[in-house]
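Encoded as structure tokens, here's the structure I'll be asking about.
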Amino acid sequence: MNRPVLDEKAKGVYVITVTPFTDEGSLDLESTDRVIDFYLEKGADGLTVLGVMGEAPKLTAEESAQYVKRVLDRVKGRIPTIVGVSSPGYAAMKELSDRVMDLGAAGVMVGPAATVRTDDQAYSYYEMVAETLGGKTPFCVQDHPLAYSVQLPAPVLLKIFRNIPSAVMLKHEDYPGPGLAKLAALRAAKDARRISILAGNGGGLFLPEELSRGADGAMTGFGYPEMMVGVCKAHAAGDIERAHDLFDAYLPLARYEQQSAAGLAVRKYMLQKRGAIASAAIRKPGPKLSPADIADIDRLIARQEKRLRELG
Amino acid sequence: MNRPVLDEKAKGVYVITVTPFTDEGSLDLESTDRVIDFYLEKGADGLTVLGVMGEAPKLTAEESAQYVKRVLDRVKGRIPTIVGVSSPGYAAMKELSDRVMDLGAAGVMVGPAATVRTDDQAYSYYEMVAETLGGKTPFCVQDHPLAYSVQLPAPVLLKIFRNIPSAVMLKHEDYPGPGLAKLAALRAAKDARRISILAGNGGGLFLPEELSRGADGAMTGFGYPEMMVGVCKAHAAGDIERAHDLFDAYLPLARYEQQSAAGLAVRKYMLQKRGAIASAAIRKPGPKLSPADIADIDRLIARQEKRLRELG
Amino acid sequence: MNRPVLDEKAKGVYVITVTPFTDEGSLDLESTDRVIDFYLEKGADGLTVLGVMGEAPKLTAEESAQYVKRVLDRVKGRIPTIVGVSSPGYAAMKELSDRVMDLGAAGVMVGPAATVRTDDQAYSYYEMVAETLGGKTPFCVQDHPLAYSVQLPAPVLLKIFRNIPSAVMLKHEDYPGPGLAKLAALRAAKDARRISILAGNGGGLFLPEELSRGADGAMTGFGYPEMMVGVCKAHAAGDIERAHDLFDAYLPLARYEQQSAAGLAVRKYMLQKRGAIASAAIRKPGPKLSPADIADIDRLIARQEKRLRELG
Amino acid sequence: MNRPVLDEKAKGVYVITVTPFTDEGSLDLESTDRVIDFYLEKGADGLTVLGVMGEAPKLTAEESAQYVKRVLDRVKGRIPTIVGVSSPGYAAMKELSDRVMDLGAAGVMVGPAATVRTDDQAYSYYEMVAETLGGKTPFCVQDHPLAYSVQLPAPVLLKIFRNIPSAVMLKHEDYPGPGLAKLAALRAAKDARRISILAGNGGGLFLPEELSRGADGAMTGFGYPEMMVGVCKAHAAGDIERAHDLFDAYLPLARYEQQSAAGLAVRKYMLQKRGAIASAAIRKPGPKLSPADIADIDRLIARQEKRLRELG
């Protein structure tokens, strides 16, 4: 099988996939095929599976492997797939990483352990991650203080990327935080190794500005991935105003998805409505949408379609 | 002096004021007059001063009193002014509250002490607040977990409002959190006392939906208060689509203001640009905008003006 | 096989086991046998495995099962064994729980999910836990805010135990927090169901006082389990001063074990020195003792032995 | 007035003072005199006022000034007095610092702002503190992650002390955390400026070990300051076993004081019982002791007296 390998040149839109479940809460592998096809049709340049928004912690070890295998079998190496392997222990991280790399993953993604508190600890942690993964498995550093309660300041990230060759990508989501300023600092640093930075502050709510500061693309999972694809393309073509026009048309809905703990339920509802998955169910424990939520979303979708027609 | 008193019927837009400083970092009382006039011109129904976004913790006790007096002297009772009096101790809370009520404030606002952890503690805290304030001073409960790291679940809020007559208003900003679901639960509860709820989730980023769920208005400080005023008026008039049209036109800029720790710097830059304050300076410690930030904002303002012209 | 089942009458000392590793970091099953024998010799009334101090999160799923099986095979049902099955998702919790109950565990222990924030959520979480576990698996509620960042106030615990028959035990470790006051409140509550409460505030640093407030025993893992056993016995015999004498003799060392993030390394060093495990190694990521730490511990052990001889 | 000035050579026991209130909650200035006399009689080498345990945040600005003046008037320059001036803003910090230095304080103490998250921010914060205080006011850096939720790793502290001459002392209380390891690292660092380090991990629960790692003394407020004084003297005289004997005799009670949120209530109860203050009242909001708590303390005091008699 053709098997892409993650490297520093990665760019474009890496869609964070949802994990489809049936209404009863079991893995829905047919919907897995369908949603992967959907992401490919909408122009995804890569996929990221088993992220927090993919409900990874709710899967059993066996289910995780089953799901990743199904995704990789469906993708057939057409685009790179990154697998989230963050874990409190290196043993479990290595086990999952080895397994998914054997199955054909392009690389893995690792967020900092909850015990990391200082700059030195953060750097040492990623040194140990690289050693654990074996030096040959390329990995993406996930910078997401809201999820991990750990800060990865610019000097630490620069040191990681300068010294660890298998660290090839940064998923940058320092929100609310320095956000754009940190992204700019990473790009402006002298002697910095040029790695791939995919942005996702606030779930993609700052995409046009992130691209202007030097992001190579986006890694997020908004239910309309064509927004990210369109914005990235317009931006790459130098048509900044067009990038903003597109972005603004989707913004009311994208904002709504970030509204609350129910964000994933909003995302799955949109994907179900678009035919990409059979059920919007979230595995327990998880939130449910109220009729008023659904009315909100339906209104926002209708307004979005109207606005997109106006834009042409 | 005519002196409005806060009660359960409060509605509309309560603008959270900025505290203007000179470039050198001292209180700018002339700009204080100017920005109050600006808020009044834009249609504010009330003001909230000495909030977190008003840099209250950076003022000395003397400066706080000086600033509040200046605001109240300028407002001359035309609209109600609420003063933030949250404090780790009841003694300081009472001192400031008594002082500002004497000066003509309409009521005060109190967030939970950082030591509050359980439902019972939260309720007891507000019981003690009411006793401290003396029973005659109407107050607004500030529900803002991101700032206070304290949860105020719906059952606790309902109990507070049922039992404490001087608790007349809720500033609701449970974001990211249950957000709209909590607002809806408060309004749907049986036997609930009907108090005023002013919303500000995500700094106003969910205003149309909050109004639909029963908010009486907004309490936030976005640099274009006419947005909140316009959205509330259109909504009150039943023109929901118009409310969304207006909201969407301002959303790209409103979102940018919420982007990061630099949010207040963005807000002050807008107010300075609009002539409402002389300097955009934030008192130290605080962030500064980069040229790239300013370029972003200027672009967003230009796009916003264009969009507003299209809307008519 | 004889197989004890956890119920509300459980009392005495449940030792939280360490998970022995070789110096190279692999599971040491021979030391597992040895340390279990050690705990039995020292008078353990029960065991708790796969707790946080058992390095559970660092084990792979396969290793967890292997370790639990080894422990249960060694214990041969002589005393009850509780297995920690806390998990971000119910599916993994059920899978592990079913597996260990089949192997002969007496019950399981579950801490609250990190997403729990309010009283209602905490209660609902445990309702769902009971449903997930199937109603027949007895479980222990782990109240440990320092580890889980979740509060379980007394009213919530009382409601859980009143309504959920399979919740039969509380591991109480609300430290630093209400601690003794909460324990007393649980025992004093009217209409409360009488369940087993095993205490472990500060790793056992308040054992005599906890017993006085109504704890049925201790659940903690101090390297000298005979201290907990002796204190509980003296207390049960009504010899409170003797209980304190014993406790005080061990206190300087017990306190040292709680000194820092290196607590588990201190515990394993003591167990290795006592011949209970072959290596004091902690699986990465984890701390190491310095020569100065070891000198401290050796001094404290010598002083402890002297003091115990004085006490007779 | 003779007026000691804080410098790098400070050593011994700096007692963190309580702030006495009457049962009705007002400042008790007569008890202030009495407790200062008490601390001096017990051998305090210095005092620290307006710390968190001094209920500083509950005082009004006017009360703070009144209290500090009373303390300084009573001390009459016999020993140095440090005043806590931590504040969210530099303006208030400067105001209080200037005021207390004018009144005769020997120096001030500053903990990190809650906004500090990275190593660079922590260093910059203290650079700005030094500038704010004016370069001539000597200050103590308070490292207390449990209270401030901010980490000050060893490299940051070394940089602060290397570059900022007016930073002359560290109050070290990184607990639970690296604790002793960090203290040792600070002392072992090459090219480090030799500043004063006063220790207080866990409220003094690790004093003998902290002295062995290079602490110059203690800064904490245990109700029996003669313990800290005795331990420091025995240690300085090279009688390590005697230092431990003394420490162990007080440990059961010292541990109890650290047991919970009620720690300050325990401390004030002991001071009242010893005649050092008229009322054990804590200003609201604050905890109260139960009869069972008081019985515990009385038992521990009796046992402590017996043990001290045995030791001679």
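Assorted remarks:
By letter and in written order, the chains are A, B, C and D; residue numbering begins at 1 in each of them.
Throughout what follows, contacts are C-beta pairs under 8 Å (C-beta built on N, C-alpha and C of every residue); 3 or more make two chains touch, one makes a residue touch a chain.
Everything quoted here is computed from the prediction, not taken from an experiment.
Steps from chain A to chain C, taking the shortest chain of touch contacts, total 1.
Any chain touching chain B that also touches chain C appears here: A, D.
Using the average of C-alpha coordinates as each chain's centre, D ends up farthest from chain A. Because chain A and chain B carry the same sequence, their contact can be compared by residue number, and over half of the numbers here are used by both.
Chain A and chain D, compared by their mean Cα positions, are separated by 47 Å. For this pair, chain C with chain D, the centres built from the Cα atoms lie 34 Å apart. For this pair, chain B with chain D, the centres built from the Cα atoms lie 38 Å apart. Contact with two or more other chains is made by residues 261 of chain A. In terms of which chains touch, the assembly is arranged so that all chains touch all other chains. Those residues of chain D lying in contact with chain B across their complex are 25, 55, 57-61, 63, 87-92, 95, 113, 115, 125, 128, 261, 283-285. On the side of chain B, the complex with chain C involves touching residues 117-120, 151, 153, 155. Taken in their complex, chain B has these residues touching chain A: 175-181, 184, 201-202, 205-206, 209, 212-213, 241, 244, 247-248, 251-252, 255-256, 258-263, 290, 292-293, 296, 299, 303, 307.
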